[in-house]
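Both of the next two complexes hold subunit A, though its partner changes from subunit B to subunit C.
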Partner chain A sequence: MSAATQYYVITILVYICANVIAAWGLDLQFGVTGVLNFAFIIFQSIGAYTAGVLSLGPASSSGGFETYIAGASLPFPLPIIGAMLAGAALAGVVGMITLRRLRSDYQAMVMLVVSVVATVVVTSKTGLFNGAAGLSLVANPMHGLAGLSRQTQSWVFVVFCFAVMLAVGTVMYAVVYSPHGRVLRAVRENEHALEALGRSATRHRLEVFVIGGALAALSGALLVEFIGAWAPSGWLYPETFVFFTAVIVGGRGSVAGVAIGAALIGVGIQQAVEYLPIGSDPTVLAAAEWIITGVITLVFLWARPQGLLPERRRRFSGRSEVVPR
Partner chain B sequence: MTPGEQRETPPDGELDGADGRRVADMLVVDGLAKAYGGVRAVDGVSFRVPAGALAGLIGPNGAGKSTVLGMIAGAIRPDRGEILLDGKNIAGSTAVSVARRGVIRTFQTASVFAKMTVLENLLLGAPPWQGERLRSSLVRRRAWRRAEAVQVEQARELLARLDLTAQADSYAGELSGGQKRLVEIGRAMMARPRMLLLDEPMAGVSRMLAAPIEALIEELRESGITVVLIEHELGLVERLCSPVIVLAQGRVLMQGEMAECRADPEVRRAYLVG
Partner chain C sequence: MEVFISAVGFGVVTASLLAISAVGFTLQFSVTNVLNLAFGSVMTGSGFVAYGLNSSGMNIWLAMIIAALCGGVISVLMNTLLYGPFIRHGMTLFGMVIVTISTAVISDHIIEAAVGPSFFSYNAPAGKALHIADLLLTRQDLTIIGIAALVTLVTQLTLQRTRLGKSMRGLSVNASLARACGIPTRRVVTLAWFGSGVMAGLGGVALFLETSTFSATTGSDFLIVVIAAAVVGGIGSARGAVLGALVVGIVTEVGAAYWDPELKDVLAFAVLIVVLLVRPQGLFSQLSTERVVVG
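Entry: the complex of A and B
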């Protein structure tokens, strides 16, 4: 395999891992529990920014090239852990404000507003994360591995991303196919009936909001450590709908389905568009991507709302729940 | 008792039982009120329900029955008044906290978890337990699986009593209206409640399923659970309920036995005749 092909494959694989992890985060919120988080992309971004500033070192060391807060040179994997904590903390704050008092449709509207406001704030306050230019020169943590070629180091990063994805997938299965997962689905189905049985729907919504926020941040951290840069133009509010499409296409509440959806929508469409006879103008290609994503969402909502791999009906063999493998 | 006047109750939250014994009131509603804009949906409602009784709450549409039930269940916040459950004021408590005190309700429109199986619906009725915590789904899975197995067995037994064994793996949303009612009541029974609030359990139920539901309610009473029942089917109220509280235009018209209520001219005027 040529170096260029290898780089292409590595990029695709890292993006698949990051997208799947993020889509699982949204699936836990929207697919399983029914929380309409239209601000999802900001949690991926806080993860990317946090991992970036915790890897880059103090802003003063860049000689004024970029300005940002809380710069540090933490060793791997601390920036990633820091990113997850930041994502969880931001989700906790946003969730406490929006999820406790508002009805779900109003929650969705507030989330959308939060997403727009976050982009404006980060863009205009250059002291936060270097404004519209964003962070750059974030080093891939594997590039410090001695005795390995740059390509091998990138493959090691792919293996790391897959390991993280498998770990997250295992946790997703454990949560979704458990009595806890049953309560989460009950929140989605009928929160009033659930509360009348002594379970707090708000508490469970807040909980998945925080976990989903941490997973989104984790995906952002992996991406920024691979691509080395992160800027507001890459996380405008419509980006959230790519993840919603992934969940809808894959199948709400289906762990395996959402993984397929995330790979197809998050990466597949972007690659497929390259082969359309519409030229190579990046603006046209980006527009085509959005149109195809939108059409696919509508087609699935209309013709196959349960998605490619629908959420499984829970069956109990004798006295135990049968967990699909 | 004169129309519009509530039956006098002995002090200290106790009533005389039918056999002369002193029976403690489990529920005392005192001066409960709720207004929506300018409309007084509930206007100073007071009544008592002795422990172990099956009390009927009847009245014409718009009388405020479901609002009263919603306030007792914690779903609606009263503007004023007290709701004493075993002597403790729970007015304004949340639905979650009321349910955790053992007061479980059903809804006017059967509220099942539609895209969950009938068996899962019943499992959700069981009182909140450790296995439902997030941490439990990640660690000590074997321990909660054992506890869940016991619940599954209880749920299956209950389904057999409700004649719903064949539907155990069906989505609750796929059932008929009457079957949904049975699931809702079964789910409430799984909760092992101290008090059950049933909001029109016969609404939309076919004749075939009405008898088993009635038998189930009677069984609940005999098991010692205190029940407050809203129902328009007065034959059923007469067969099962004592006392009966008649509401009209947000106020208590009278409280007594169904036969007394039937004989009361004001009740007849307000409700029974039209």
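Entry: the complex of A and C
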């Protein structure tokens, strides 16, 4: 492979890993538990920003090039762990405000609002994460590996991302298909029945909100360490919609399905649009990508709401076993 | 004091923009329970219809009326061609949110692909500035305040005094009971979508007049503030929508005058969060307890 092809493949692989991890986070919230988190993208963002500032070093060291808070140069993998903690903490705060007392349609609206607020604050308060210009020059942690070429270092990063994705996937399988996963699905299917059995639906919603927030942040951290930059224009509120499409296309509540959906929607459509005979106007291309994503969502909701790989449902035998006394 | 009064003046203008749209948004929601996130796209679509008419020489106020009717038609088409079939296909309240957000994404980007990424403005002089006490308002501002008052009044009277309004309120409380009582549900729902679309059209053109420059996403970006106003008032209540619009409009403009103008939207959302923490159902709420979407 030529260097350019290799770079192309590396980029796609890293994006797939990050998208899959994020989509799993949303699947846990929306697919399994039924929380409409329209602010999902801000959790990916806080992860990217946190990982960025924790590896860039103090802001003064950039010579006035960028301004941000809490700059530090922590060794790998501490910035990523910090990012996950930040994502979980932000999700905890947002969840405490929105999930406890509001009806689910109010929750959806308030999440949209929260997403916009986050963009406005980060854009106008340049002291936080360098405003509209965003953070840049975040170094790939693998570029410090001695004795390897840049290309090999990037491949090492791909392997690292895959390892993280596999680890997250294993945990997802363990959680989603466990008895605890059944409780989460009960929150989605019939919260009144669940509460009648003495479980708190709100507590479980908050729980998946925090875990999903941490996973979104993890994906953001991986992305920023690879791309090297992160700015508000990349995480406007409609971006959340792409992850919803991924979950719907893959199959709500299905771990393997959502992984396929995330790879197809998050990366596939962007690549496919390049081959459409609609010219090369960047506005039209970007618009086409969004229109296709929207149409795919509607088509799936209409014709195959269970997604490509439907959620596995455990069937119990209809006859109840009477335990003899 | 002068700063305060002029900020309140701007606040009333912003509140009028919000009220026109929030009343339309909330009217349709209370009747059908469909959370129409494509409302902002209807605003933008109508705004560009008015732009087309205006740039071929038509007076902007006349163009606004035609655009509003177009908004009504777009809104009805959206319901009959897309939302209605999805609801009858068995989509839940929850799934409809995804359907409407998909519709918003698709329509916004169709508009963007058609008009491009540039900014537009109407050919409409704002009119002479008028001083009323310390307030400084243009004739355009006053017209928009008048439209808002008219829209709210007509909606409120329709809901309270007419047979149609009674049917709408009946539908929002219990759709199947309303149908059993002989209320022509389909027709009432279609009229609700039409009314909501007309208000989206009026709100869209008014918004584009006041922001003076607009692009393909202006409507949907504004929708978030409209939603904040509607939720503060208690979604589903026309009175609440107006009150929410006033609270959000005045707080943001006064905040912008004394604090950081860039953060004025944040204030709107702070109001929203405070209200929701104290009164999760909003200030006024005539929400139906029924959670069934009506198509």
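Quick note on the criterion: the second predicted complex is superposed on the first by the 314 of 325 C-alpha atoms of A that agree within 3 Å, B and C clash if a C-alpha of one lies under 4 Å from a C-alpha of the other, contacts with A are read in each partner's own complex, and residues count from 1 in each chain.
As a working rule, contacts are C-beta pairs under 8 Å (C-beta built on N, C-alpha and C of every residue); 3 or more make two chains touch, one makes a residue touch a chain.
Remember, it's a predicted structure, so these values are computed and weren't measured experimentally.
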Checklist line | Three-chain arrangement built on subunit A, subunit B and subunit C clash or fit | finding: fit
Notebook entry, point to check: Now for A:207: first (subunit B), second (subunit C), both, or neither, which partner does it touch?
Noted result: first
Next item on the list: Using the superposition on chain A described above, determine whether A:171 touches subunit B (first), subunit C (second), both, or neither.
Entry: first
Checklist line | Partner chain(s) touched by A:97 [first = subunit B, second = subunit C, both, neither] | finding: second
Notebook entry, point to check: Could you give the angle made at the Cα centre of subunit A by the lines to the Cα centres of subunit B and subunit C, to the nearest 10°?
Noted result: 70
Next item on the list: Check whether subunit B or subunit C contacts more residues of subunit A in the superposed model.
Entry: C
Next item on the list: Have a look at where A:313 lands relative to subunit B and subunit C in the superposition and call it first, second, both or neither.
Entry: first
Next item on the list: Using the touch definition from the top, say if A:185 reaches subunit B (first), subunit C (second), both or neither.
Entry: first
Next item on the list: Tell me which partner A:194 touches in the superposition: subunit B (first), subunit C (second), both or neither.
Entry: first
Note to self: Is A:274 touching anything from subunit B or subunit C once the two structures are fitted on A? First, second, both or neither.
What the structure shows: neither
Check: Once you lay one complex on the other using chain A, what is the shortest C-alpha distance from subunit B to subunit C, in Å?
Finding: 11
Next item on the list: Enumerate the contact residues on subunit B facing subunit A in the complex.
Entry: 73, 75, 94-96, 99-100, 104-105, 107, 111-117, 119-120, 123-125, 127-129, 131-134, 136-138, 141, 144-145, 148-150, 152-153, 169, 171, 187, 191
Note to self: Could you list, by residue number, the parts of subunit C that touch subunit A in their complex?
What the structure shows: 35, 37, 82, 86, 89, 91, 93-95, 97-99, 101-103, 105-106, 108-110, 112-113, 116-117, 221, 224, 227-228, 231, 235, 260, 262-263, 265-266, 269, 272-273, 276-277, 280-281
Margin query: Using the touch definition from the top, list the residues of subunit A that touch subunit C in their complex.
Written below: 34, 36, 38, 97, 101-106, 108-110, 112-114, 116-117, 120-121, 123-124, 237-238, 241, 244, 248, 283-284, 286-288, 290-291, 293-295, 297-298, 301-302, 305
Check: If you look only at subunit A, which of its residues touch subunit B in the complex?
Finding: 171, 174-175, 178-183, 185-186, 189-190, 192-200, 207, 311, 313-316, 318-321
